[in-house]
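First chain A sits with chain B, and in the next complex the same chain sits with chain C.
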Partner chain A sequence: MRAGGRWWAVALAVAVVAWAVAVPRLGLGQLALWEDVAIQVLFATSVNLLLGYANIPSFGQAAFYGAGAYTVALLAQSAWPPLAALAAAVAVAAALAFVTGLITSRVTGLAFSMVTLAIGQVLYTFVLQSNAAGGEGGISGVAPPARGLFDLTQPVHLWWFILLCVAVAMLALWWVVSSPFGRALTAIREDPKRAAFLGIAVRRYRVMAFTIAGGAAGLAGGLYAYSTTIVAPAVLNWTQSASPIMMALVGGMHTFLGPALGAVLITWLLYVLGQATRAYLLYVGVVLLAFVLLVPRGIVSIPDLLRRLAGGRRATGAAPEVTP
Partner chain B sequence: MAGIDAILVPLLSGLSEGVVLFLVASGLTLVLGVMRIANFAHGGYFMLGAYFAYTLLRGQLVGVLPFVAAVLGAAALTGAAGYLSELLLFERFYRMPRMQMLLGTYALLLILEGIAQQAWGLFPITQPEPMGFIAGLTVGGTQVPYYEFFLILVGLVAVVGLEYLLRRTAFGRQVRAVAEDRLMGSLLGIDVGRVYALMLALGVALAGLGGALTAPTVGLIPDIAVQFVIQAFAVVIIGGFGSVTGSLVAALLVGVMTSFLVSFAPSVASFSLYLLMALVLLLRPQGIMGRPWEEEER
Partner chain C sequence: MSLALRLEGVTKRYGAHVVLDDVTLDVEPGTLHAIIGPNGAGKSTLFGVVSGEHTVARGRVLLGGRDVTRVPAATRVGMGVARAFQVARVFPDLTVADNVLVAVLASHRLTQVFWRRRVPERTEREARRALERMQLTALADRPARSLSQGDRKRLEIGMALALDARLLLLDEPTAGMSPEETAATTRLIREVWRETGVTVLLTEHDMQVVFDLAQRLTVLHRGRVLCTDVPERVRERPDVAEVYLGVSAQHA
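Here is the complex of A and B:
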């Protein structure tokens, strides 16, 4: 960590806690929005474990997000306690991701994106007409049982519960990427062949990364089920897979907190646009296209970009190279 | 006697659905095979084709000839839109890392769908089938709409036309050369940029044609852009990346299979496409007609 990085982390943590305290005072609408923001932060970070750290271009993460959401929705009907239901959501999503990872481990690159996309669609179309999962209407009225000391049917309690779960999961993901396992993934990203020569079991590591990311996406989906109380097949549709990728790019892949930043911005933007008009896709598309064309390294690269521009103007020589 | 129509009716309806799938998938697979770009926006052009046809006919009930003219006009307009977007955007996409490129075409899909939301609204609108195609031919007691025969005919024309264009013309030779080896093609004096722009226009016009032909059979909403492109991708995977013949076989197979399943096992019908795709991937990852997919890591 760079000098001063620790202070930035402390400042960030303080700001997040202050915001977490403030949000419940802003009304239920804002509470729902910021719950969604927290959930998308986790989802986007889990996807970035694949895209940014391991260069596994999955376009089907909605399958695991949706699997988590449906697991919680179904278990909530039999009054499972939230922690048990969420653990089950993680287990189901991770198991599904493990199998998917095994099946697809022979394909790489663009073909891998297409294959994961299509596998996600199998699940989507299956759920769409499955009576047990509520078909097109999905499952509504998802709620934790009203009992215990910490009653999660209270909106404010649910808010803190979701934040806590997201925080724990984010710390776990941080631990994963900074562990030797995470560094091995980065080595594979940079050069799969060399990594293999160094004795890294490339295929096994990729499947493991896929499983971990799937489990984290499942947790995000499970929390989503509690937050919105409705789980419809749309959570499994392929556009739901594209959304965290969009967040990761807008925030900045290859960095840990970039996708989180992107998730905050995009979720908030979608909310604001959604309040203003139902025909908002045009604006989302334009924002995304602007990032793809102009700021492909995301928001986190903007300070460097500006510094380079300013430096280029002042000095006649080359701008100082800023290491990411 | 009761047996004939039980086979023939779903067969015809499946073939006609397969033709539309083929039109959309062949455009997608050509672009994928030549430019190595997975174009999510393809679904957006499919949708544009449908709306263009609706707008050209103003949603009116018309005869066969004006309908055919409108369908061709819609395909041409869609192709022009594709040509324009190639010059403005795709040219930059080709050089991008994979995920950035995919998100670029995804952004374009959102923009096209967004434009449709603004121009035609969020609610379903309908374009009636052309007069004269509403009736049908009676096959063993069941009526098969003439529109299905028309679609099958269009499919035949499209297959022959594409085959001619790619195998027998100078442009086709250039396309195949560039698809094989871009650098070598440009060294031989082929204007690669022009070939790319025309290929995208052609691919997208095929999507527009498919969309225009679909217009009378569905309630038109902007969301068909998102729904249809994934089916087309699945057909491309089954047929093999870059293979037009492969996507023809795959599209007809999928169309007929789905149609029979709708009659005999409705619960499996809607995701049979993706199941078939998973099966193909497990047994023959390069698809029915595809060559092994060599991927340059980037």
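Here is the complex of A and C:
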């Protein structure tokens, strides 16, 4: 980690905790918004494990997010305790991702994206037709049983519970990307052929990454079910796969926290603009476009960009900086 | 720590173009064996066949007596085959240190470890030593993409060495290097070969390097083996001179 990186981490943690304490005082609407933010942070980060670290362009992550959401919704009907239901959501989503990863492991590039998209849509169509999953209407009234260590039917308790789950999952993902496996993934991203000639069985690593990302997406989906209390087929739709990709793009792939920042910005923006105008998607689109054109490396690159702009102005006429 | 290599009647085609034509070749374990031949002779293709990059139309590839014709590349690495490419392939956005570290981790089969964050101290040490050996310590924190052609070649050779290979395939290891770098790399290859007893198969256009290093020479011409012999005798063969002179006359 860079010098000062530790201080940034501490400052960030303090800010998050302060915000977490403040949010419940802002009313139920804000609580729902920021729960969604936290969940999308996890979802976007899980997608970025594939996109940014392994260069696996999956357009079907909503399948695993949705699988997690439906697992929790169905198990909540039989009064499963939340931790057990969420563990099941992770397991179901990871298993599904493992199978999908195996099936798609021989395909690369655009064809791969299309296959993952198709698999997601198959699941979407299946749930739409399924009576057990509530068909078009989905499952509503998802709630944890009103007992246990702390009563999650209380909005504030649920808020803290969701934050805790997201925090633990984020730490786990951070652990994965900075492990030897994480390094191997970035190596595969850079040059899969070179990696193979170092003895790295590229396909197996892709399947592993796919499984881990799928499990994390499943957890995000499960938390989403508790947060919104309603799970409809739309959670499985491809638009749901596109949004974490956009968050990662806006925030900055190839970094761990970039997609999280992107998730915060976009989820918040969608909410604020959604309140202000019916054409909110148009404005979000404009913001997206602006980012892709002006800050292609995402929010995380802004400090660097500003520094270079400021430095450039001061150093006009001087020899150009020779950073490799 | 050495592996024998045998090619039996290997034929490789791209469409109608026969790139390797019934190639039979024996590389004794522990020798320093060079393959020479004009541009397009099929040297790199032969390396690709040995390392598992290419499939063959006909023939067999044997490593240490075992038929590996259909064994995938990553598995052959596990058997001890390490390779450096003609145009060095490194991980461009990783630092020089991380490039080497990934190779060392791979050689210890630690790259699947996702449940532990720290890289074992022993592995770190080994990676540092590999950097020193290749004289890359000063460049350790630079992204590999920023390296010169020669440095990149050295980095890749270092990564191949880090794999503890039993058969080392070096495709024009000194291409793009300055005379000093070439001399240093030649020395290093001989040193590693002496220390570890690894089998080395290399191609090179720089005849100085070839005659400095090789114990045996195979001349390849248009996908065919012209001869395999000790360097002194290969040098005296009229057909070898003709192949080279003929080609350079065409180029002139």
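In this text, the second predicted complex is superposed on the first by the 315 of 324 C-alpha atoms of A that agree within 3 Å, B and C clash if a C-alpha of one lies under 4 Å from a C-alpha of the other, contacts with A are read in each partner's own complex, and residues count from 1 in each chain.
Note that contacts are C-beta pairs under 8 Å (C-beta built on N, C-alpha and C of every residue); 3 or more make two chains touch, one makes a residue touch a chain.
Every value quoted in this text rests on a predicted model; they were computed, and no experiment measured them.
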So, on chain A, is it clash or fit between chain B and chain C? fit
Quick check on the superposed pair: does A:A9 touch chain B, chain C, both, or neither? Answer first, second, both or neither. neither
Looking at A:V284, would you say it contacts chain B, chain C, both, or neither? Reply first, second, both or neither. first
Please determine whether it is chain B or chain C that touches the greater number of chain A residues. B
Name the contact category of A:A196: first (chain B only), second (chain C only), both, or neither. second
So in the superposed three-chain picture, is A:M253 touching just chain B, just chain C, both, or none of them (first/second/both/neither)? first
First (chain B), second (chain C), both or neither: which does A:F126 touch? first
Mind working out whether A:I212 is in touch with chain B, chain C, both or neither, as first, second, both or neither? second
Which of the two partners, first being chain B and second being chain C, lies in contact with A:A18: first, second, both, or neither? neither
Minimum CA distance, chain B versus chain C, superposed model, integer angstrom? 13
Could you list, by residue number, the parts of chain A that touch chain B in their complex? 51, 57, 59, 103, 106-111, 113-115, 117-119, 121-122, 125-126, 128-129, 192, 237-239, 242, 245-246, 249, 253, 278-286, 288-289, 292-293, 296
Chain C residues within the chain A interface of the complex: 51, 53, 72-75, 77-78, 82-83, 89-94, 98, 101-103, 105-107, 109-117, 119, 142-143, 146, 159, 163
Of all residues in chain A, those that touch chain C in their complex: 175-176, 178-184, 186-187, 190-191, 193-202, 204-205, 208, 212, 254, 324
Which residues of chain B touch chain A in their complex? 36, 38, 89, 92, 96, 98-100, 102-104, 106-115, 117-118, 121-122, 222, 226, 230, 233-234, 236-237, 241, 267, 270-271, 274-275, 277-278, 281-282, 285, 293, 295, 297
